Amino acid sequence: MRLANKNLVTIDDLSNGEMEAIFSLANEMSGTMNEQFGLCRGKVMASLFFEPSTRTRLSFETAMHRLGGSIITVSDVGATSLAKGESIADMARVIGSYVDLIVIRHPWEGAARVVADYSSVPVINAGDGGHQHPTQTLCDLYTIQKDKKTIKGLNIALWGDLKYGRTVHSLIFALAKFGANILFYPTPGLKVPEHVLKKLTMEYGGELERRDTLNRTVKDSLIPLDAIYLTPSSPHQLAMMPNLNLQVETRTGIDALYVTRPQKERFTAAEKGQELKKSHPVVDKKMLRGKAFRQTLVMHPLPRVDELAYELDADPRSRYFQQAAQGVPVRMALISLLLGIKEVPLPAEDTLPEIEYPLYRREFGPSCPNPRCVSIQETETKYLQPEFKVVNREPLTLRCTYCEHGFEPRYVASSDWHKGTIATKKYHSAVSHWARKIRPEYLIVFNSEEEALARGFKPSRFSGMRRQGKSKKQ
Amino acid sequence: MRLANKNLVTIDDLSNGEMEAIFSLANEMSGTMNEQFGLCRGKVMASLFFEPSTRTRLSFETAMHRLGGSIITVSDVGATSLAKGESIADMARVIGSYVDLIVIRHPWEGAARVVADYSSVPVINAGDGGHQHPTQTLCDLYTIQKDKKTIKGLNIALWGDLKYGRTVHSLIFALAKFGANILFYPTPGLKVPEHVLKKLTMEYGGELERRDTLNRTVKDSLIPLDAIYLTPSSPHQLAMMPNLNLQVETRTGIDALYVTRPQKERFTAAEKGQELKKSHPVVDKKMLRGKAFRQTLVMHPLPRVDELAYELDADPRSRYFQQAAQGVPVRMALISLLLGIKEVPLPAEDTLPEIEYPLYRREFGPSCPNPRCVSIQETETKYLQPEFKVVNREPLTLRCTYCEHGFEPRYVASSDWHKGTIATKKYHSAVSHWARKIRPEYLIVFNSEEEALARGFKPSRFSGMRRQGKSKKQ
Amino acid sequence: MRLANKNLVTIDDLSNGEMEAIFSLANEMSGTMNEQFGLCRGKVMASLFFEPSTRTRLSFETAMHRLGGSIITVSDVGATSLAKGESIADMARVIGSYVDLIVIRHPWEGAARVVADYSSVPVINAGDGGHQHPTQTLCDLYTIQKDKKTIKGLNIALWGDLKYGRTVHSLIFALAKFGANILFYPTPGLKVPEHVLKKLTMEYGGELERRDTLNRTVKDSLIPLDAIYLTPSSPHQLAMMPNLNLQVETRTGIDALYVTRPQKERFTAAEKGQELKKSHPVVDKKMLRGKAFRQTLVMHPLPRVDELAYELDADPRSRYFQQAAQGVPVRMALISLLLGIKEVPLPAEDTLPEIEYPLYRREFGPSCPNPRCVSIQETETKYLQPEFKVVNREPLTLRCTYCEHGFEPRYVASSDWHKGTIATKKYHSAVSHWARKIRPEYLIVFNSEEEALARGFKPSRFSGMRRQGKSKKQ
């Protein structure tokens, strides 16, 4: 059984078949809750929450209790040795030597990956900064599937803070995997990060149409649609693109509206100043009175603040409290599968294997540009080297292994050409034709000429190309 | 069995018979502690403490563990989604979908009522601001009863902070229910709130004599007695009133002295400035050497600060550590009864049924005047409407359903008289004869003429009456 | 079986035989972990952590869970009634009436002693300020013994913050008990406190050689050796003293290097300013490449900050993660022995009995000079009297019963000589010949002449002796 001893760090760690196996077991367990007690007898789970949480921590802990297992909890960063300057790796190794399973929430993006790398037991990411929250996604999908029987081909609208909402980021990839169409309705200023959209189209196929290319009618509709992702399994829809928004909203309808709260705790000072939330309408009965919303499941990962009206609580379309309640059986299923206590048959033919990108890993050179990335934090740089996947060559794009933020380095060199002699150490613009010729294992990248010069490299004839390009743009 | 699935929000939720059933089961369980393990196997209790606690939280959790049940805990408001602005109702619904029982402590008065209203499982109030703390009262009564065999007819003295001490407020009503006399010895400035005293005399019968009406001898006794509540079951005592204090203190004696700590965390800025505690004597051996204290149980809900001398710890009259220790068996009994796991026979004839007051509930008009009331907090007004019980007509008195603070609105109108036409919308003084004629279902109240005018009402001939009354008083 | 119902406050509470019994049971349990579940069924442990902790709290809790017991936890001082000004004694009494075992960590030195004195159940000290951390010492010794088969005669080097490191203080006494030699390598400014060294030589025998008496060669070696403690079981080594350091480092070798982190949270303002850590080399591969370190176990109680390089993690000599992992079986053994659930045979002949010192206890006079001592804290002085052991007469030395800090009072008097009459109340210098003649039960001490005068004592002819001595030194 493939799930035993696996980690769940990002939703990519699970195939479609594995997710369906979890849903199936969750369904079975929720019907026979009392019979599950004792299943995890003698097992100990660490529940490590370094950010505020109600639902996620308490539902994980309830799930483990319902299985008869035991729990050790950290729910306050101030109360642990991280406050004394300990690294995540050290904590992971130590706690991993105590328990059978680790659940971790942490404000640094990629922190759960580090815990998984350094502990000897299965690790579940319960939210790492604005990166991912895969178990929330399992609850979300399970809720949709219970109602709609399938996820394939559905139109799912994402609403609110799509920039910092980690539940949204995990959900996007899962929806794409299952072949849903996604409509993006971000609060102005809180769009889905570019690196998420790029991964979406590069790895899951499908097409993304941005607001700029949507026609006027679409732009002026009630809700400010920002982009549409069309799954490759809906190939014919693309031809109807100009009218898609109207079609989706008024004809096919929206199958689920996934509302999210502005994640103010992650806002930059500038974003706080703009009071982003005020510019977005509240989801209420009035907004949902159109034909497109007749069959819409109203979802929210909770907690809500002002973005979702209480009047919808009694509405037959609302699903957010069920969504939360599913947290217990879904997590019971996940825990017992990762611990190898339960097994479920997996389909012989499963989803496409993960794409293998070349790794970029050097003692020097760029570190991850994401200020929340675990790999650049003072306590972690003592042992963590920056590590990236080379996900694209034109333009050259590196994606951080930990937080999955991407960036396009401006200069490149090769460790092959110079064979260690200073004389041949030259750097080139990343957009020059030389750049494309460097084999991944020899690739060296720099974000600035200063960096390159500091490492003893000298400009080649092709080092200036991008700067010219830039000045033209300006 | 009436107790299964009930909530315990205020001590009024339990009849005398039910309380005695709890005591009887607690007694049985404390004698056979080891046999109780496994009784709550597979059950999960949420222990939600949004205010500091040692005794209450730990004894609830120990009780559940001794029964073999499991616990999920929140012991730090900063670590939960309430910190993200979530409402109590949302939290109650979600956690209620996880567990079998909720125990909640919260600084807002009435918060436990909201949790009970919105969750689907039994809820126990473990202290809501300065309002009530009914399980402490169960421990208090159980301790007294173990020693004195009965509570009826006892003289119980309450000492210290009677204003903010929630344990005192719950205890007062329970003592009255069981037919005890109550002597009030408040720290100057920290008297029992008027709304508590009013409820006491209105709903439990009995007579209240204030300090002003007590004779000189009484006033000058060692301890500054503020008031005496005489249970209706002691009708003859009233005739002896002028000497009652002397009689109680020197002849009958005080059966229990219930000392409380100044609840400084709830003091207003002005109260903090006055350093209230300094003006009150410490309860020590010297104070208790009189004949009246020979059989007195010295009690304290703990924690103590300076109000109770350590020299009493070894005194045979001291009961405060036993009182704390009873927390485990009493809460074991309560938990297993509310979960329906244990049943106890209840007497056929039980205490008087609760008084049914007319409800006052309008979209507009006064909100609760208590600044700590849950119903006026920003996160809660999104879904909570003010709700009051009309507990008196002369003077017209409304009592908040949540925090039980009372107030006397100054103006009234009727929704019957004008049938929706503006012309007939008139408001009257609450003390006018019109006020008394309005049927409860038509009643509209205002705290000020501005409020009434703002809702489109105009003054009637009788709108000025109270203002005149007021100016006369001045 | 001697261990049932005992307290473990300092490492002195355990004889060598008892420690070996714990190691033997820990060893057995770690090999049959799954069979231990259920052993503590129905038992409840209080896990009270008033200082940050990861390893200690979580390994205690994991240990109890692996035994099938239950836990109540306090992991945040702000969330308990200590925040309301409650004393440690009150807390100990109350929680001791709930549970079967208390584990306590507290910033005040001697706090665990108070808990043990006032609770009715066994108490384990999980770290009290800079005083002791005996269960860490058990893990440390167990780790060494597993590798080296014995502790007797080993050379153990202690490295880093030897002033505030409580794990070091417990370890020193245990090593001495088992007959190891100890090499002290403190960070400059963070030497082992004098009172620890004095207790070491006075109670465990052996000889201590300070840096000043070591020869030049020794002083100039790579590592700044500050002192060497030679166990009495190595009598012949002393003769070789001048070359001992060389011998130990280059010939016999160091059996274990125990590295500790600077305990910055306990630094004084002056110590913080000096940035003590910067002046001490990091323990890394380069430092450990000498012949003396070939068989050295590299140990650290964790968390580490910068004092121990990550490159050692993969080194075959590193033991710090095993040390942490042993926390679970060692604590499982300890818990089940203190609860009387497990019994192990103890050797008939055990280590030397504890030395019995005369107690000094007066209503007036000096309080403990240690600002972190539990006995001088505002909330505790209400019930705690200063109490000292008279551990030496020349010079007269008192050791606090709680925190074990020692001091030499400057003036003495006798309660025998004057028989209560003022006229004979005279005080003398503590170094005068009169001082030696006072029998312990009559001893009165003062830290200053003002103190003595304030209590009605007058100077004798011998009261000025120490002042003269002092002025000579200046």
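Just so it is clear, A, B and C label the chains in written order, and each chain counts residues from 1 on its own.
Note that a residue touches a chain if its C-beta (ideal position, glycine included) is under 8 Å from a C-beta of that chain, and two chains touch if they have at least 3 such contacts.
Since the model is a prediction, treat every value here as computed from it, not as a measurement.
Mostly differing positions are employed by chain A and chain B in their mutual contact, as under half of the interface residue numbers are shared between these two copies.
Relative orientation of chain A and chain C, expressed as the C-alpha superposition rotation angle, is 120° to the nearest 5.
One inter-chain figure worth recording: chain A and chain B are separated by 48 Å, centre to centre, where each centre is the mean of the chain's CA atoms. Residues of chain B in contact with at least two other chains: 73, 75-76. For chain C in complex with chain A, the touching residues are 34, 37, 49, 52-55, 58-59, 61-62, 65-66, 68, 73, 75-76, 261, 265, 302-306, 310, 313, 321, 324-325, 327-328. Those residues of chain C that touch chain B in the shared complex are 41-42, 44, 46, 70-76, 78-86, 90-91, 93-95, 97-99, 382-383.
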